[in-house]
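Chain nomenclature is as follows: A, B and C, assigned in order of appearance, with residue numbering initiated at 1 for each chain independently.
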Amino acid sequence: MEKNFFLKVVNVKKYFPVSKSFLIKSQKYVKAVDNISFSIRRGGTLGIVGESGSGKTTLARVILRLIEPTSGSVYFDNKNIFDLDKHELRKLRPKMQMIFQDPMASLNPRKKVKQILTQVFKLHTSLSNEEIYDRVLDLLEKVGLSPPELFLDRYPHELSGGQRQRVCIARAIALNPKLLIADEPVSALDVSVRGQIINLLLNIYRERGEDMIYIIISHDIALIKSMCKDTLVMYSGRMVEFGETDSIIKSPLHPYTRMLISAVPIPDPEIARTKKRIPISGEPPSLINPPPGCHFHPRCPYVMERCKVEVPQYFQVEDRLVSCFLYAQY
Amino acid sequence: MKLIEISNLIVYYNTSQGLVKAVDNVSLEISRGEALAIVGESGSGKTTLALSIPRLLPDNARILGGSIWLYPEKVDLTKLSEKELRRIRGRRIGVVFQDPMTYLNPVMKVGDQIAESIVYHQNCSLKEAKEKVLELLKKLKIPDAENVASRYPHQLSGGMKQRVMISIAISCNPELLIADEPTTALDVTVQAEVLELLRNLIQELKIALILVTHDLGIVAETCDKVAIMYAGKIVELADVYNLYRDPKHPYTVGLLDAVPTIKESESKISIIGGSIPDLINPPSGCRFHPRCPYMFEKCRQEEPPLVNFDKNRYVACWLME
Amino acid sequence: MSSLIPFIIKKLLQYIPMIFAVIIITFILVHMAPGDPTFILVGEVGDEEFIKTARARLGLDKPLHERFIIYLSNVLKGDLGYSYLRSEPVAKLIVDRIPATLLLVLTAMFFSALIGIMIGTIAAARKGVLDISLSTLSLFGISIPYFWLGQIILIVFAVRLGIFPLGGMVTVGRSYQGIDYVLDVIYHLVLPVMTLAIFNLAYTTKITRGSVLEALTQDYIVTARSKGLPESRVIFRHALRNALIPVVTYIGFNTGVLLVGAILTETVFAWPGMGSLLYDSIRLRDYPVILGIFIYGSIIIIIANLIVDLLYGLLDPRIRVR
């Protein structure tokens, strides 16, 4: 791995064909990820935020090539991941890891915690059995499952939701990945457990984040604020805004981002009842039949004629990218 | 004006493993025009408490003690017959459930589902009821009301379905609206719309609202009074401003700090260790003691009562002594 | 509903392989069964030469696969052949009998569905003694064989009590007209329908009960109760309406069982339908008629399934064809 590695995503698309019936092959697609580009350097933390169905999970899976892209390229470790053959991809796998929303579904129910974690080392390293055992104990300790001996022989269903997610995290960080994507890592958990897992992820980042790229996917921008320096806002398969998290939250530029931020409830009655609200209307469009032009135009309070026909490109506003014609003069 | 008074309510579930002590000796009051939040993590007994008022609990639930008084006539809802209850459900108490997908009948047009309670409680013909449905939908700012009324639930978006649920609940101008996690299944922007709608309705119709949720954010925007539940008990009951400004119970403090917010000053989150106890064999003494950072000997042995701490403020914690 | 026709055509296309399979299987089974129709026609000890010409006339001298190909090409042309025994076209023989069988089967189906759904719903709604006794009764109904049941009913109601006729479809020797004719047929219909319906009724009861119980655990039932609706409306309008979907499926898919039941019932009550025709034809090895009845039978079952598919869309808006 090069010292100053980076992740560069260029014009990535993922269209799912919609099969209407078994006789007629339709030409319709769900454009789950439509032309997304961004890049992050080593040590960077990126949050991907958007409402359900906006394409976040699909984007993550395409970046890691867990599903095949429709087009575009993803550069990581100076290679285009989309060009790699099976063998090369397998060699890169330990460097790119993902944590999923539903820990139960991503753990093999018939394997003990011990087996789940040992397998990772067996598959990708040539460590001896004793060395592996020590590593596994270390890992469990690190993700807060201590004393580790207590958890080694448990099956996933014998763990609580939070503990399962800890096992998933242990598995993901086992081989010191350079790219770690967490897809809604706490959405399936209870409120207090949620805090515990967020803290764990933050600690891992503090410990080795400088040598890693961290991507957190969430529908909750508050979670992203607590974890990520940069944010990418998705709406209906497209990226609408990209920039520093704090400045996006303080002064959102895209009308959708504004609506989103104004909609986030703040647990403080004084602020909550005095803050200026942006009127919200409508719901996200269907991805099979999205509106023409800017996908947000039917809900947008600033909509112009042009928005209804043309897809806005990215405009640079200071250090931010915004896909909205309001910023066309910049 | 007092509307509902719950006193020493005990609701357990009968299961093959034993009795689940879902609501254990809970007392609460709610007045007309007031919005009360019941907040807690999942499994703390919020739904059980809220649905015991109109007695819409599952078959294996047993109300083993206490009473639920409905004012002004002061009848005990736990003692009423099913037939008497039917005149209260839908007419004086409306309920909005969490998941509009499963709580709406999939094979009935939504307009008919709303009209149904109007026909039953307002003694009018189906035709008149249908007109009222359209008025109602328009009042809830649903565009193209005729069209929506003639659709089936699966043809509507999540937010629209939840609006239909709300119109069922308020169709007969109830005095109390119970909303059980009404926005948990919805996206943030849609949640904001639905909450706005609820707020406007309770102001306009002067009804009491019981909002059940795990999200302290939406409580801050919507409610006047907050009851924090933990493992079947109310651990803190306070006015919304006081609760956020100065939380007293260690669990409330933990809950407020456990979730990240977009508030400018915030960024650090602190955590409550452990997880919710099993309600068949809840911990002795204070049920929160195994997770409490301030726990001392007494907490393990004796249960702290919910005591009036200062005006409108009740806390169940031995630290307050 | 303008796309209903493509939907039906698509369904029918799906059934074509099934019809072929039915023709092949029955052809093989029928011809592999012991016994030779020529012996029945001319007697076991006939003249060699005579038997030979008879076999040639019936086409039985050719090898099996050749006979099959000839038969299949005839069927595709719509020609089911001639009965060996009655020297009438098979198609006509069967078509003449279809109304009687349909009358029996449809009446049994109607009453068993109506009563079964009612009893099943009541059993589900009323837990306790009523439910247990109704469920036991329905279990009983499921386990009685048609043939036996038919004879018991015949003995009790026709022979002992004498309140219903012994068999047939009309009173022999009278030529009733108009309403009298209808009443006479109904009078003859009661016992066979009873025999045929009991199994179906018991089964429908069982399925309905299970399905309604399942529906009663659904979330939308809590919503219905939260409206303060009377329990009867919660059960019939909300639970039963949803529960009907599997029940209708069962009723439709059970048409085949009912047709088999009809054969036995018709035999017991000398009902002049396809069943007694089939019974006679099997006894006398009248191959073309047996095959013809199987083909018609499968077509009836296919139509029943098609009706179920359409009803399904009517009952469940989520899969309605648009």
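The rule is simple: a contact is a pair of C-beta atoms (placed from the backbone, for glycine too) under 8 Å apart; a residue touches a chain by one contact, two chains touch by 3 or more.
Bear in mind the structure is a predicted one, so any value in this text is a computation, not a measurement.
A.B. asks: Going by the contact definition up top, give me the pair of chains with the most C-beta pairs touching.
C.D. replies: A-B
A.B. asks: Pick the chain whose C-alpha centre of mass, unweighted, sits closest to the average of all protein C-alpha coordinates shown.
C.D. replies: B
A.B. asks: Where the CA atoms of subunit B average out and where those of subunit C average out, how many Å apart are those spots?
C.D. replies: Roughly 54 Å separates the two chain centres.
A.B. asks: Roughly how many whole angstrom separate the Cα centroids of subunit A and subunit C?
C.D. replies: 58
A.B. asks: Between subunit A and subunit B, what's the gap in Å when you average each chain's C-alpha atoms?
C.D. replies: That gives a centre separation of 33 Å.
A.B. asks: Okay, in this complex, where on subunit C does subunit B touch?
C.D. replies: The touching residues are 218-220, 222-231, 233, 237-238, 241-242, 315-318.
A.B. asks: What residues of subunit B sit close enough to touch subunit A in their complex?
C.D. replies: Per the touch definition, subunit B meets subunit A at residues 41-43, 157-160, 187-193, 195-196, 214-221, 240-241, 244, 254-264, 267, 269-276, 291.
A.B. asks: So in the complex, which bits of subunit A are touching subunit B?
C.D. replies: Against subunit B, subunit A makes touches at 51-52, 160, 162, 190-196, 198-199, 219-223, 225-227, 249-250, 259-273, 277, 280-281, 283-284.
A.B. asks: Please give the residue numbers of subunit B that touch subunit C in the complex, ascending.
C.D. replies: Of all residues in subunit B, those touching subunit C are 54, 56, 82, 85-91, 94-95, 97, 99, 102-108, 113, 116-117, 120-121, 152, 154, 165, 168-169.
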